[in-house]
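Same chain, two partners: subunit A is paired with subunit B first, then with subunit C.
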Partner chain A sequence: MESLFFYLFGGLAVVTTLLTLSSKNPVYSAIWMILSFSATAGLFVLLDAFLIATVEVLVYAGAIMVLFLFVIMMINLRTSEAERLRLSPLAILAALTFLVLFGRAVSDPGPMLGKAPNDLVGDPDVIANLMFTEYVVPFEALSLLLTAAVVGCVVLSRKKVKA
Partner chain B sequence: MNEFFAEYPLVFTMATTLAKIVLFTHIGLILAAYMPWVERKVSAWMQDRVGPNRVGYAGLGQPIADALKFIFKEDPVPGHVDKVLFTLAPALTVIPAILVLAVVPFAPAVSLFGQTAQMAIADLSVGILFVFAFSSLAVYGITLAGWASNSKYPLIGGVRSAAQMVSYELCLGLSVVGVFMAAQTLRLTDIVELQVDGYWNMFTQPIGFLVFVIAAFAETNRLPFDLPEAETELVAGYHTEYGSMKFAMFFAGEYMAMFVFSCLVAVLFMGGWDVPFMSNESFAALGNWGAALGFVAFLTKVLLFLFFYVWVRFTIPRFKFDQLMHLGWKVLIPLSLLNILWAGLWNMPS
Partner chain C sequence: MPSFAEIMSVYGLEFGLGALAMLLIVVDLITGRGRLTGPADVVRLLALGGVSGLLIYSFMFLHASGEVHAFGQLDAFALYFKRFFLATTLFTLLLTAPYEARFSGGRAEFPVLVLLTAMGMCMLSSVGDFVSLFVGLELVTISLFLLTAWRPGLPRSIEAGIKFVIIGAVAAAFLVYGIAFVYGATGALDFAGVSAAIQSMATMPAGLKFGLLLVLVGLGFKLGAVPFHIWIPDVYQGAPTPVTAFLSVGSKAAGVVLLMRLVYTVLGPAAAEWAGVLGGLAAITLLMGNLGAITQTDLKRFLGYSGIAHAGFLLLALAAHSEASASSILFYMVTYLFANMAAFLVIIVVSRTSDDSHMDRVNGLAERSPFLAFVLLVSMLSLAGVPPFAGFVAKFMILRAAMEAALHNPALYWIVGLSLVMVVVSLYYYLCVLKRVYFREPEDKGVLEISGSTKAILLLCVIATIGLAIFFNPLVESANAGAQSLMGALPQGH
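== the complex of A and B ==
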């Protein structure tokens, strides 16, 4: 039963991600991406990681994709301008970087895999306790970094008003 | 029966879960169908008119007549729309609202055949986050309807709705932080039980309550926040191009969302199934009658809040868009941060 759902959600995630990349219309790309996030959330549910699954839907499928759609609709993109895939040096560089990082992530999962994932993820209590005891400094540092990034965005996007 | 269910508790769980799904979603759907009638009657009462009174007693058959009319009308699809999304969008406004009902606790636990059944369809440990996750998907229906219609007023309505929902989701989420700081859990049943023994959150956290209520109006696109459909400027906003049953689906979605948010206000701030001067023990002492009493109390609160929705609609005029953004970002977010501080001080371990 569980493996059936795994293949269902996993397959859905792969197919919708491919459709995200291949859709010509950016709005459809966004919708396929929402479905892909939802399928990933389904995979997290299968791992008993309810908190992460919910956050995946809440943050990615909900908040972030709304912003994507908002921008697409605001600038009113219809079909994407670049009809054919062009191989620019930057694209190749980005792909290579991704491949290297991905290969490293797969070959060396790091210290986290040693712990049983179910102790870590299922319950919000466990995550909250870890976050505010063992990882409180990195957590606060990250919050500070994000706040700085938000302020930076606001400053950069402000129109220059001539005095 | 008792022995059978003691031997196969899974059968009991599945049977009760199915029963709960049927019961709770139908309460929602029937209320959503009758809300337009309530709305027209209350507005008539407030404006010294009669309101619908032709179909059935006191016009009670009016929603059925309206639904039949919508079903038998021609279903127009303009030539310039994106057909797939145009058809999908109305359904997308209804589905998230129904999904959120899955975690709402309607009553204290019921015992049947020697087993106990929680009166929420799924009593998740991440309850309140589940609510936000799915209510944040509600915006897609409206936004995509606006985009798929491929004409300017619906598009403006859709873009407005996206901006509005994102802005008010922030204060909605922040205003609830105080509630689960006080309860130290995200599970909705636990949050209610804590209020049954203690005080209702609306009294201990009045600011959070106020912010949540305002944000609930904005999230359901109700007046004074109905800018996505503002008739006076956008014809009908995102549903300008819709007719027949698709149009009715948008209405169903809006009323369903109102019902869900009324449930949430009742659960998070008004003590859920609590009746004043009752404790968890006195509910348990009454057994299943306690559960029935709690259910009635919960529905009463929901209906009162639904009435409040209508009351506000015919009292307060619509905001302008800049006022909407100003209220959301510069007033409500600081207020909800203040509420978090207040909740922290109130619940400080001594």
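== the complex of A and C ==
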């Protein structure tokens, strides 16, 4: 039963992501992307990572995608001019190399495969504890990263100041 | 659970930089009402004072310790790089002063982002797990995206920013994907755990190799190693010149510090398997960087390609994988810092009137300002690795370490041979620039006025570049200490 859902959500994620890439209309792209995020959230549920699944739906599929749609509508993006994808031989070679290496990596992923995830992994308690003990340094650094992003965005989007 | 004091003992400097950045925002807010020029100067001076203070503090009061915490460590290697990053930041802020007039806005915010980038860089030299590594790297990268696009009125700057964001995001994706594979294979995210898992395996599973390869791609992007160097010329050209200088030294060093930490401590003995990959990267990086530089007509693009060539040398030293080669990398970075900062400051001065960095700007510089011409001479010859300058000592150290390592790994002879050929090639293009300086007719015959502070900074770079070629022992000793702590202190499990 679980594997049925895994293939359902996994397949859905792959298909919707491909549709995101191939849609000519940016609004359709954005909507496919919402579906893709939801399918990924389903995968997280199957892994018992409920908090991450919730965050995926609330933050990504909810907040971020709404923002995306707003921007698309505000700058009034039209269906993109049918720009043909140009494939250079080098790009194809790189992609094929990546695929071959990826295939080998997946066929021999190492000893940890198949070990059950920690039962508590989806518990907000555990995540919160880790965040404020073991990972407190990167957590604090992240807050400064966001500050940097906000300061930069304010400067770059400000109307030109008359000197 | 780590106590606050423990964290501060490792990340004290980062705390200082972050606090300083917050302070600057507040100062700008209080003093900046209705005025445009005043607060920027105040903020910049505060930033300069603060960073110099932290640099002095790091020399006088900070000591390396062998203690390895779960969240990071302050060994001699980390301390060496923290000082290096602080010095780079100081130079970037000093370079901003003569450039600042060209910003249309955001003069007061500029130092804030520079400080936050510096904080990320310093953090990277101490990190002990992949989560902090990723966060630190993003702090550096995202701040640099913004700094690159800091002149919204200039299409070149915006273009550079967009290209940097897109390629940077792809590189970050590779890095995270790689970290996921490493975690999947070893079940650990901290360096000690990953290293222990690797050493317990008879052979590396393909998934782990794939993951490490992707991590290498993500870091190669920072370093400017060849298949991942596409962004360098455009971003270097479009970014405001102080930012280009920061990118070329700081961002490259951030890649170096992480690669060294991963190759020397995480891979440990298993690194021998990777000598081939690193050596191959070194070879194509040397080749493409040096050949690419020949045809450049823009000074910043030119220095971008020259930076790629230097990344090739650093990769060669990494492939050699010995204590001597690690120490030579540390020394190399410092000589690169002084030579590069001097070159970029000269670019800022000569592009003052026309605001671009075409090579014609330095034509006949010797007539307009013999001092600037001399500075450029010293910087170019040091970058090329010509004897009386520090660049020579640095290149010599790397090649000697590589030759020693080649005794066990004969393939390195080929790369050393290639790098020697490339040194000759690089001499050609560095001399081409100097030919313009000394033998071409200037477009604009006016004498170039240089302010006293600019002169002082340039003089400092020149003295350091010549001085390090003669009195290299103290720096070599601290580089050796850094290399030793990197090699010796294999992380214990905790």
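Keep this in mind: the second predicted complex is superposed on the first by the 127 of 163 C-alpha atoms of A that agree within 3 Å, B and C clash if a C-alpha of one lies under 4 Å from a C-alpha of the other, contacts with A are read in each partner's own complex, and residues count from 1 in each chain.
Methods note: a residue touches a chain if its C-beta (ideal position, glycine included) is under 8 Å from a C-beta of that chain, and two chains touch if they have at least 3 such contacts.
Just so we're clear, the structure is a prediction, and the values are computed from it rather than from any experiment.
J.: Is A:Val155 contacted by the first partner subunit B, the second partner subunit C, both or neither?
T.: second
J.: First (subunit B), second (subunit C), both or neither: which does A:Ser107 touch?
T.: Only subunit C is touched by A:Ser107; subunit B is not.
J.: Identify the partner contact of A:Leu142: answer first if only subunit B is touched, second if only subunit C is, both if each is, neither if none is.
T.: In the superposition, A:Leu142 touches subunit C alone.
J.: Which of the two, subunit B or subunit C, is in touch with more residues of subunit A?
T.: Subunit A has more residues touched by C than by the other partner.
J.: So, A:Thr133: does it touch subunit B (first), subunit C (second), both, or neither?
T.: After superposition on chain A, A:Thr133 lies in contact with subunit C alone.
J.: For A:Ser3, using the defined touch cut-off, is the partner it touches subunit B, subunit C, both, or neither? Pick first, second, both or neither.
T.: neither
J.: On subunit A, what residues does subunit B touch that subunit C touches as well?
T.: none
J.: Which positions of subunit A touch subunit B when the two form their complex?
T.: Touching subunit B from subunit A are residues 27, 31, 34, 50-51, 54-55, 57-58, 61-63, 66-67, 69-70, 73-74, 76, 122-124.
J.: In their shared complex, at which residues does subunit C touch subunit A?
T.: Residue positions touching the partner: 1-2, 7, 11, 14, 18, 21-22, 25, 36, 70-72, 104-106, 109, 112-113, 116-117, 119-120, 123, 131-132, 134-136, 138-139, 142-143, 145-147, 149-150, 152-153, 181, 184-187, 201, 205-211, 213.
J.: Contact residues on subunit A for subunit C in the complex?
T.: It is residues 101-102, 104-113, 115, 133-138, 141-142, 144-145, 147-149, 151-156, 158, 160-161, 163 of subunit A that touch subunit C.
J.: Given the complex with subunit A, which residues does subunit B contribute to the contact?
T.: Residue list for subunit B touching subunit A: 82, 85, 124-126, 129-130, 132-134, 136-137, 139-140, 143-144, 146-147, 155, 158-159, 162-163, 165-166, 169, 186.
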